[in-house]
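Following are the structures in question.
Look for subunit A in each of the two complexes below; its partner is subunit B in the first and subunit C in the second.
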Partner chain A sequence: MFERRITRTAVPALVLVVLILGACGSNGGTEDTGSSDAAGAATAETLRIGIMSEEGNLTPHTYATGFPGLNLTMLSYDSLMQADENGEPQPWLAETVESSPDGLTYTLGLADGVTWHDGEALTAEDVVFSVDYYKAGPPGRFATAMANVSQAVAQDESTVVLTLGVPDPSFEIRVLADVPILAEHVWSGITEPDLAPFDETTNIGSGPYRLVESDPGVSYSFEAHPEYFRGEPKVDELVVVQFADEAGATAALRSGEIDTMMRSISPEQIDVLRGAGSLDVVEAPEYTTTLLVFNTAVAPFDQAEFRRAVALAVDRQRLVDDVFLGAAVVGNAGWVHPSSQWYDESVETVYDPEAAARLLDDIGLTDSDSDGIRELDGASLSFELLVASNNALRMRLAELIGEQLGEVGIGVEVSSVEMQTLDDAVWPGYDVAQGRNYEMSMWGWSASSQADIGQMASLVSSDPAIGNLNVTGYADPETDALAVELDTELDPTARAEVADQLQQRIAEEVPFVSLLHPNGAYGYNPDVFGDWVSITGSGPMTKLSFIPDDGQP
Partner chain B sequence: MNARRLGLARLGQYAIVLVVAVTLNFALPRLMPGSPLALIAGVEAGEMTPEERAAVTADAGLDEPLVVQYLTYWKSILTLDFGYSFRQGTPIEELVLGRLPWTLLLTLTALAVSGTVGIALGAFSAWRRGSRWDVGSLSFMIALESTPQFWLGMLFIALFSVSLGWLPSFGATTAGADLSGLAWVADVAEHAALPVLTLSILSIPAVYMAMRYSTLSVLGEDYIRTAQAKGLRPRAVMMHHVVRTALLPVTTVLALRLGWAFGGTVVIETVFSYPGLGRLMYDAVSARDYPVMQGTFLVFTIAVLLANLLADSLYPRLDPRTRV
Partner chain C sequence: MTARVITESAPEPQIVLRRSRVSGDRTRVLGVIGAVIVLALGTVAVLAPVLAPYDPTERAGTPFSPPSAEHLLGTNDVGQDLLSEMIYGTRVSLTVGIVAAAAAMVLGTVVGLIGGYFPRLGAVAMRGVDVVLILPFLPLLIVLAAYLGRSIVNTVIIIAILIWAPTARVIRSQVLSLAKRDYIVAARSMGAGHGYVIRRHVLPKTLLLAIGEFVAATSGAILLESSLSFLGLGDPLQESWGSTLYWAQARGAFLTPAWKWWVLPPGLLIMLSALGFALLGYALEQRINPRLRRS
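== the complex of A and B ==
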């Protein structure tokens, strides 16, 4: 499951103003020494949370963004499994999960005593209904997830058997731990789920919170579900307010009008907020990626040697230090985040501009007219690098990358374009089969692209059915074969071996350059609430933070 | 040409402008690069098969030829049925009508405040032309005129919300507070205070300049000299003869601003995270939510046209010299 992380970084000037004012007002209080262990009140009556993206009504069919929209929606719903702190799927609504050796049958035993918000019991029939309802409903994340489930049968009140069309090694993380289970007695009467309005029935889920007020674009209120099957939630009421931009939300956090925000703050704000006295920041590595992508149909990006030279010429550590002030993790040449259990340590990420220059010389790209830029068939080796104009950090990255590539004789002209225009150039119609219309671009995928290792195949396979995120148009038979294996290998040990091989292949072939992973950094007021539970790679802003210790997966 | 025929001709002109504007409202979203697919399909557009994508596009009516879409749009205007937002799945009327009162609260209050203050200061400045007061306020107004809205807004937030903690920095009401009666009114007023203050202050210069200039030109008229010559006190000349006449062109300025008031104010509503029409429009543009874009543009178009019509018809009533 991918989703483009829709970042609307505030107008830099606004941030700057807040920053300056913030710095003036700060009393230089003691600084938390970079510890990611958050601390603060363990329970709260009300927690006010700022968000910045426009959301719809928060149901599985009408939420708007992957983050924070889906995270908010999942406060009211549960899936059959739930990712734990390490990002591993664990039993949840399903207390037992057994798969057949051929990977085609999953037998799920549901937990006892789970009730919907209206007091009705959650049964196997609800699970069967949900599978069928998503499959019959409009296209979307959960319909796609369920497409491979050919049959769902309730064996008894609390046992469900799912039959898959083809074996899927990522089934637990991508489907069981992702798809929210719906109440049959609510949704069976709704024929157009994507237009379902908010009312006293469509807000019925089984999750720790019930949505009691919904004013999309303005605010939402959630009330704790005291009978929640994993224990009474730690916070009684969650009020979610919508801000137009990060600057406004940060100001409200500083003035005490909100207690936290579901948006990672910009790096320069981390110390400002920590120095503000009453606030703290929970910081943890996240899987969100920042990439340099290029169109492999444009010469000389069709040559692996040239792509390798580009990767060698980019000083990732400097990008992390200069632009993110250290609040990011250097991207690995093999794509996988170092905190992931799938990370292959043997893959080295090297910065070596001299080696890059030698590689370029070797493939005949030399600077014959001594203007500092190499030539390809007599024409200057220069490219346009697209970057979304609403993302100040990526704009700075693009400028730095332009300089670094310039040092090895590759000309780069940075063009900032509006986000939708960028999407349209790099990923027309969100369908890689429609080709691409750019030379180089700054790009990124959300955390879920790393949380499931199976997604690695979708980045590099030349078959659009597998490589649905292959925006560089990269095609290589050996890589394709590995991608298919990763997509089908059921044995965990063998799959880890395939994942290692694919990482090594990516490092060698450079279908894209993984630059860095910005750390998640969330400002909050520890006097109100601070008992955060982070999921490796996806951060603390999930329902796990509100579930009591003995109820954690 | 008699008055009735003139009126008809004018209405005809407005009708033509309306058709052109509505056509532009339809064309602009579709001329912009980028596609609303991600919005309609949710965030998983890339996960969908080409068939699913086609189905989603067809469902939103975006696979129809442009001509058909255009006619459908006209039908939706004439039947007042504007469809649903791609993002929120909410009827457009509901969205627009939900946001409009908040926008009008800000813009109309600011219009009243800036109108009153601008007219008073402008008249006074002209009356004392060349004095230290006039030069001082004129320079101040020019400085104010070039002050960016977001900057002043952020400054007020930093001062009144973050440092002093007097006023809320965002929203139209306290979320989740569930107030009623006077407490609700007070809450709304508190939340509107900073945006209205910012908007009012920044709208004063335009009115001030218009009033000052218009007063100055009236002061040079012969009949003012007559009034002075017949021994009227300066204050009486000012109140009865100068200001009344000088107000005429200023009403046009104010009437036109009334039209703009319906478009909301993107910057102020963004800085203060105020749920108004301007932000609705801005967010719709960023996300390519065609129905919402068309809906908000339409409100804006009609409001501006009506304001022009108002100014057009008001003027002859106020100033008999312009009657035909």
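== the complex of A and C ==
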């Protein structure tokens, strides 16, 4: 009978042991004594890359995730322009890009000698076809981008004229440098691109790599396109292997099973991997943002003074040091990443809890019952701070912010919830017009929200058509006016001026608190390949890393 | 009737004495070991504020520090003292274990009593018990945890839902045999109501058994709580041993030398507490459970 009793406790015990063993996996470590070459190999025959997400079929219509899915897809496809190391759009498939003074017409001269993977030439007809195909196709990132293009005409073999519905100062970065061009002879027969059969015939792009083997959920294999118009790619073959989680992929990287991974490693792993001997880490600032957002309809978040006090009470440097171990850039009060060309240096980001306390006193939020928490109309000033439970670092940030706000007398209760629950509360239906149902939340936007300065308007405008990312429900006439100007100003100098004004306005009004930008940190084996090319804000895991020096944009 | 009651309860000590001395001693030793472990952990839980060198929520040192004189087990990813976290974690783990097991005991005893006393109703109730018994443990646990959301109360409810069934079975078989005894039949034929018989005769003789089951179930509940927390399905902001393991995993301690002071201690403590309750439960059951006693 002892057995029966043991069995009952043994089941969970066994489960726990298995879980823990599974997690430690490769605990032995691979202590390689050989010192690594800092520069790293500039060419390679095969590079094995680990990913951690299910990516589906890698076509412009069926890729699953923005990163790394779209980055992998774009290995086989090209856009008309390409972001360079500074994140600036540069001529690519289109050798010349000329816009009319009114910003409504773009004349594109295509590069010579560009061929599809099957040997056919890429012509102006393909570009026109792509525009029309995206516009007629199912909704998606590229259909949205193309929505503003009212007409595309092939003037001759290598010249395309695009006509826009309304002028868009971000057209180059948001559309030309983003949308992959499709081969007419491949896609014209496909009526339902989302369900397109995925095989060698639909795998034709013009990019530096051709997808030769695809087993979604397991692995992908890419072969270099030797006739690539920008020169032969630096690595002959890319093998992309999917892992269940970061721990598994990190273990594989340490044991030499893979050479790099398309996932930024967590800050505490940076020194560990560097110390492993055979590995190195390429670290670069990324535009991904981490924000503290609040519902501006909830009192007293409707008062700019209160929001400013919250921003003053948050010690961003401490968050960077304690949670990210320094591997992050302190968020700027004016939203824009300090590495961005649009960054306005005059906007100061200040941590001053005493000033915060004074501000709170001034607007009548005082602690009358001396319990350490201020009161608003007799009720204690306390808020629920939501955080997604699948993001350990953000949970730690939330805890620290709770402590820091507690020091100035604002009560914070951190609740960890499922990611979907959080999205439903903060951004129901991914449509800000549907309102919001939360008090405070940890939040973040992807790198593209910073790469295109025009997106700044979408964060703060109260008009849902412009402010489609305004999850705090913030509304202010002066800010709205600046947002409209940013969205329409075509002159680059004038636009930079508007961007500066809007940053100052954001710093003053605090529609949200920009906390920090985690740096991208990618572990790799420099003996195999180490000649990474980082795009400011988006990191090194793009096709630029595989394009030879003389072919760089 | 009084006489019968006495003869029914009298044999107990005799039966215990008839057992082989060796096996009785072994049971007792195991029971004492279990009791000592449980008592020690209980003391730590109660005296946590006195014993812990730091407040476990306070950031007392540099994040990721290895063990030192100030921090005997080092610090975690935000600089909280791991030793203090272990000490306070005892509170959470024991509380969740005991409360969940108690809830399971109450539920199991009620179902077992009704099932045993009213055989027809019992046949139906026992099919429900069968269903709970054959459900795959961990997947159900994960689904429930994801569905109900993360909080310590939900963790307790989920664990209780999963572990009450064996108790119900044991209690039911005891009640089934009790209900057929002469003195209960006599009481019933003299007009005693169901409520009276259950309260006066059945419950007192099953309660001891339920307590034995409870102690054993606590051990399982502690392990389940740790599993849930480790998977991040508990409340990761509660300082339990399982959530310490969760953070160790989330911040890569399994891949660095930090496992020695960040993973091992909570693992050992979970093992120790589960062992303590299991041993105590085993010893108690050997004494209490009539089926085991006669074997």
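FYI, the second predicted complex is superposed on the first by the 515 of 553 C-alpha atoms of A that agree within 3 Å, B and C clash if a C-alpha of one lies under 4 Å from a C-alpha of the other, contacts with A are read in each partner's own complex, and residues count from 1 in each chain.
What we mean here is this: a contact is a pair of C-beta atoms (placed from the backbone, for glycine too) under 8 Å apart; a residue touches a chain by one contact, two chains touch by 3 or more.
In this text the structure is predicted, and so the values were computed from the model without any measurement.
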{"item": "First, second, both or neither for A:221, with subunit B first and subunit C second", "value": "first"}
{"item": "Dominant toucher of subunit A (residue count), subunit B or subunit C", "value": "B"}
{"item": "First (subunit B), second (subunit C), both or neither touched by A:257", "value": "first"}
{"item": "Contacts of A:552 with subunit B and subunit C, given as first, second, both or neither", "value": "neither"}
{"item": "Contacts of A:201 with subunit B and subunit C, given as first, second, both or neither", "value": "neither"}
{"item": "Partner chain(s) touched by A:395 [first = subunit B, second = subunit C, both, neither]", "value": "second"}
{"item": "Partner chain in contact with A:62 - subunit B first, subunit C second, else both or neither", "value": "first"}
{"item": "Which of subunit B and subunit C A:105 touches, first, second, both or neither", "value": "neither"}
{"item": "Touched partner set for A:247, first subunit B, second subunit C, both or neither", "value": "both"}
{"item": "Which superposed partner A:427 touches (first subunit B, second subunit C, both, neither)", "value": "first"}
{"item": "Doubly contacted residues of subunit A, that is, touched by subunit B and again by subunit C", "value": "1-2, 6, 8, 11, 13, 25, 247, 251, 254, 418, 421"}
{"item": "Residue ranges of subunit B in contact with subunit A within the complex", "value": "32-35, 37-39, 41-48, 50, 52-53, 55-56, 59, 84, 87-90, 150-151, 154-155, 157-158, 161-163, 165, 168-172, 175-176, 269-273, 275, 279-280, 283, 286-288"}
{"item": "Subunit A residues touching subunit B - in the complex, by the definition given at the top", "value": "1-4, 6, 8, 11, 13-14, 17-18, 21-22, 25, 46, 48, 54, 56-57, 62-66, 69, 138-141, 143-144, 194-197, 213, 216-219, 221, 237, 239-245, 247-249, 251-252, 254-257, 418-421, 423-425, 427, 429-433, 468-469"}
{"item": "Contacting residues of subunit A [partner subunit C, same complex]", "value": "1-2, 5-6, 8-9, 11-13, 15-16, 19-20, 23-27, 29, 247, 250-251, 254, 266, 268-269, 272, 322-323, 325, 389-390, 392, 395-396, 399-400, 414, 416-418, 421"}
{"item": "Residues of subunit C defined as touching subunit A within the complex", "value": "59, 63-64, 77-79, 137-138, 146, 149-150, 166, 216-217, 219-220, 223-224, 226-227, 230-232, 235-237, 245, 247, 249-252, 254-256, 259, 263, 267, 270-271, 274, 278, 281-282, 285, 289, 291-292, 295"}
